[in-house]
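Next up: some structures, all given as structure tokens.
Shared between the two complexes below is chain A, which pairs with chain B and chain C, respectively.
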Partner chain A sequence: MESVKATRKKRMAAMGLGLALLAGLLSGCTGEPGKETIRFTFSKREAIGFMTKLVADYNASQDKTQVVLDTSGVDVVSASFVRGNPPDIALANYNMETSRFVQRGALSDLSGTQAASRVREDLQPLMDQYGSYPGRTSALPYSVMASSVIYNKEIFAAHNIAVPKTWSEMIAACEALKAAGVTPFYATWKDDWTIAQGWFDYSVGGQVDTIDFFKKLAAEGTEVGPESSVSFQKDFNQPVEKMLTLAKNYVNKDAASRAYGDGNLAFSQGKAAMYLQGPWAFSEIAKTAPDLKLGTFPLPMTEDPKDLRVRVNVDLAAWIPEASKHKDAARNFLEYLYRPEVIDAYNKSQLGFTPTKDSANVPDPRIEGMVEYYEKSQVYQGPSVLVPRTIPIMNYTQAIVFGASPASTLRTLDADWARLAFRQ
Partner chain B sequence: MTKQTTLAIEDSSHVETATVPNIRRRSAPAIERVNWPATTVLVLCAVTVLLPLYVTVSMAFKTQGQAVDGNAFSFPAPFSLDGFIQAWTLTNFPVGAAMSLLVTAGTVLATIVLAAFASYAIVRNWERRLFRYSFFYLLGAMFIPFPVVALPQIQLTGRLGLDNPFGVILLATMFQLSFSVLLFTAFLRSIPMELEESARIDGATTWQTFWKLIFPLLAPMSATVGIFAFLYAWNDFMMPSLIISDPALQTLPVRQNLFQTQFSNNYHVSFASYLMAMAPAIVAYLFTQRWVMAGVTQGAVKG
Partner chain C sequence: MSSISTPTTSGQSRQRPRSRRRVEPIFYFFLVPSLILFTLAITIPGIIGIFFSFTNSIGIGDWEFIGLTNYIAIFSDPAILQSYLFTFGFSIVTVIAVNVIAFLLAVGLTARIRMKSALRTIFVIPMVVSGIIIAYVFNFLFSNSLPEVGAAAGIPWLESSLLANPDLAWIAIVLVTAWQAVPGALLIYIAGLVAVPGDVYEAAEIDGASKFQQLLKITLPLVAGYVVINIILGFKGFLNAYDIIVGLTNGGPGTSTRSIAMTVIAGFNGGDYAYQMANATIFFVVAILISLLQLSLTRGRNAL
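Let's look at the complex of A and B:
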């Protein structure tokens, strides 16, 4: 009987000790006393080192706010909105997912901030394309990524090939490379997003006015089909055929089984002259070939050099949720993030473009080829990202390069669009 | 007395020496003959486990340049600990591991204890409708995966202040309960009622009967249940990622999500991190596999 009592006592003691330990652990996680703590969500893996330092600098520079960097990702943010305790400020990829928060009015108005007044106005259509909330500037672009054809300058120079400006020059360049035994394009079709992002978007965006197209498409709604004023099957057919001309004749033989990682390696080893990827691939290529001379140029799809355009996406946008309890502190931090030296340093480190008017960024030689188009806002947003995620456009584009009929696949796309419009 | 025992030992050793050659002669060809088809199959099976493990280990010690060079099977040269260092700091490994450990330990303990309680009550009161139906009710939870109820769970835990590891322990235990109750009840039915009656005759209360008699007898099944709960809680990504709101309290798998991005490959960092996260699971398995095996075979014979 005594032994039972003793073990019970011991058990209770152990339980108590455990609870005390846990309480200590949990309470140890609240911020510094006397400072207002704000949670800052940022989950771009490659730039976490940069941001960690930036946040530390900010925390040291003043004694009112303590910024806590949260790198736990998109799912966590969505859950926190559901729960009602979203982050106080976020720099996140601006896409269809984020636009849901915008359209439902979950993000606060930033139009009164100094940062907002410095953002280039001609970029606003890119933001609005994902939807907006009446009377609010819900998000501000922070980093714009421009992407186009990446080319190996050494190979181009070795074969005396100039950067093509028209479709026929493009074909001629490909033929010349092929004749010299060089693979013109390195394709990585195992990863469907590389087709949608590069092959499909560059081909379509180089010819179709995407802003106008998607505006009309949204207006057509359930009517989208063979009879509507715009449709995928009508407007995208010709660009997709041109894409197939390149995809069928000028790529590596094993394209279907190569993934993004393989592509970076092969391209860094000089196995092809051109690569349809965004600037994020540069740091990957540099892992194996840090000194390779690379450049970029927009994929020419017409016979008029004036039609040249680069694909852009708002890689990072800043927003402050309506439900944040520390909006003022978050706004102060926002202004700090938009200080010219801070925003320029960030974009320089990530090969991005600064979306403010007073940017004084000297572009990296690798993205120099896109600067003039970005400055003149000859840009478009990739059609693949403007299609809602419910429609598996990446798989469709992959099916097309693997041999599915483009006409019937685009018809399917139309039908999907109409069905989705009907449901909403 | 002593003489007798020595005699007996001598005797037995004599018998042994006498029989051993006999046995060997009879079974020697059977030992020598190798069953090649079975061996080949088993070697292939072993390779499917060992090869990825080798890649994981060797990749973890590579430098960044070597990790992406397309030769997954090459030996790390130069040998680098950079991956481990980066993984350690990026995930804040000690805190992440502590949180994972807390969630896992809590889930395992709560699952074993609660499931054993419930099963004991249900099996011993099977003739009563309430207990029978509560068994079906618990089993019903097997048909509800977490993603289906994620949204209300997030809101509920948020309102009740359970948006932390404790909420995860609670929910994980709940989701683990149905399967565990199923295992326990099956096992409990094989324990003879007479054992319990003898304890009752000796004056044991229900509580004492359970803790002193039934729970120790359940040990093999508790080990099995515990291992399932451990694997689930340690590896679970979705629930902690959605339920825990403070990133400082996040578990390891969620922290490691950082390494999976579309645009960059950091094999050496990821694999180093995965290795570190795998270690406790392997250690736990090494220590408990004895009981799992025992549990399986015991159940098989009794059934």
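Let's look at the complex of A and C:
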């Protein structure tokens, strides 16, 4: 009996010790005493190393604010809004999900910041495309990614092919490559997002004015269909047919069973001349072929070189939630993030474009081909990301390249859009 | 309850009338924690979900009541109807395949053969591997290995991936799901077959019944209860199909293999909370109807 009591005492002591340790750990998370702690959400995996160093530099540079980097990801952020405990500041992909926070007024106004005054105004329509909150600048672009056709300069040079500027030049280039026994495009259709992001978006964006199209589509709402002023079946039909011309004649034979990873490897081995991917693929290709000479050019969809445009997306946007209790500290950190040397260094490291007017970035040779279009804002956002995620547009684009009728698939898209408008 | 508590009650309680007998508090101790957890984790969220299915909520922020609009929209949504069609078709085919294969394997593995326990172990291994891992391994086999075999052997329809064919991708899903589900059913069948007394076979042997007749006339009727339980458990599991489909086709090609669970979850991710809550509510009602049907089918079977 005595021994039982003794072990029980020991156990209690151990438990107490454990609790004390746990408490110590938890309080360790709250940061240094005397400093205001702000939570900074950032979950772009490729750049976490860069951002960790940046945050450490900032924390060392002043003694008022302690920034804690939170890399737990998008889903956690949504949940934190529901709980009323969002991060104090975030740099996150700007898309339909973030726009929900914007539209319901969950993000604070940043129009008074210095950073806001330095952002290029011509990019504002791209931000507004996802919706806005009256009287507020809810988010500021931080890193813009441009994507277009990636091409193997060595293969193009070996066959004396110039960068095509029109649709017929494009077809001619494909025919020349095919005749020489080179696969023109490497396609990875097993991953549906690669079709939506590349094949579908480049084809549609190169021909349709997406800003105007989606504005009218939203106005039509439940009326979207064969009779409405704009519709997927009417306006997207021709670009999709052109996409199929390329997809049916000029791709690798096993496209249907290849995935994104296979594509990066095959393209780095020179198995095709062109690849419809974004700049994120460069670092993957460089893993196997660091010295491969690559370039980019917008996919020509018309006969007029003036129509050439590149697909962009706001890869990162900065925002500060209305519910944050440390807005001033967060705004100070925001200004730090937008310092020319900081924002330029970030975008250089990620092959992104800096959205500020005073940017002095020299672009990487691999994205040089897109600079002139970005500078002249001949850009569009991909239609596949402007359709609410609840409509499975990626699956639809995959169905089309796998042989489903484009007309009936686009009709389904119209019906889905109208149904969504009906219930929201 | 009373039948469970009988062995533990002591002599004194036997004199009291049954209805007034005090229940041992230990049973509440067993029940209450799981009851609380179940209520907190399943019942309350379920009721909240059903409530929100009558609103236009996107999961956060303001919302308002929109009555039955979500339900009306669902019944005209071909994507959702197709997901129901796919899920039920897939479940029926898979449940048949799993039970036929598992039963035949069980008959073989309970017969007098060499290396019986080693073979049983091997056949049960798929059960311990997680579904998503199985799916990714098979995904690689279907996309890379099988087409190479097809190309080498000159079989044209094998040369392109089964997963890339909108009309055949479901077969791949049935195959992989069955591969994972067979061991579970197999174990239950083995237990059932072992329980059949040996003397009935001896009697049949003396009467001159062939092995096939014995299987049909003796084994099958005697393990019928196990067949029912396997079909119920299997069907219920397959209706919730998610991980293997995500790993194999992710609902594609196109939308040809999107299960109901996938549609619901896609809605959450896409800010379509209330609408997919309505879908989940309908699925819940369907699942209850199936459970009631199964309950009435199995009631009174002592084998279970």
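Just so we're on the same page, the second predicted complex is superposed on the first by the 407 of 424 C-alpha atoms of A that agree within 3 Å, B and C clash if a C-alpha of one lies under 4 Å from a C-alpha of the other, contacts with A are read in each partner's own complex, and residues count from 1 in each chain.
By definition in this document, a residue touches a chain if its C-beta (ideal position, glycine included) is under 8 Å from a C-beta of that chain, and two chains touch if they have at least 3 such contacts.
Since the model is a prediction, treat every value here as computed from it, not as a measurement.
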Clash-or-fit label for the pair chain B, chain C on chain A: clash
Chain B versus chain C as contact partner of A:Ala407, first or second or both or neither: neither
Touching partner for A:Ala56 - first (chain B), second (chain C), both, neither: neither
First, second, both or neither for A:Ala180, with chain B first and chain C second: neither
Contacts of A:Asp192 with chain B and chain C, given as first, second, both or neither: second
Touched partner set for A:Ile48, first chain B, second chain C, both or neither: first
Partner chain in contact with A:Ala162 - chain B first, chain C second, else both or neither: neither
Contacts of A:Gln424 with chain B and chain C, given as first, second, both or neither: second
Touching partner for A:Ala399 - first (chain B), second (chain C), both, neither: second
Which superposed partner A:Val82 touches (first chain B, second chain C, both, neither): both
Footprint overlap on chain A, comparing chain B with chain C: 82
In the complex, chain A residues that touch chain C: 78, 81-82, 96-97, 100-101, 104-106, 189-190, 192, 254, 256-259, 388-392, 395-396, 398-399, 402-404, 412, 415-416, 419-420, 422-424
Residues of chain B defined as touching chain A within the complex: 64-65, 68-70, 90, 98, 102, 151, 154-155, 157-158, 163-164, 238, 241-243, 245-250, 254-255, 257-259, 261-266
For the chain C and chain A complex, residues of the former touching the latter: 56, 58-62, 66, 69-70, 73, 76-79, 142-144, 147, 160-161, 163-166, 250-256, 258, 266-267, 269-272, 274-276
Touching residues (chain side chain A, partner chain B) in the complex: 22, 25-26, 29, 39, 43, 45-46, 48, 68, 70-73, 75-76, 79-80, 82-85, 193, 260-262, 264-265, 278, 280-281, 283-284, 287-288
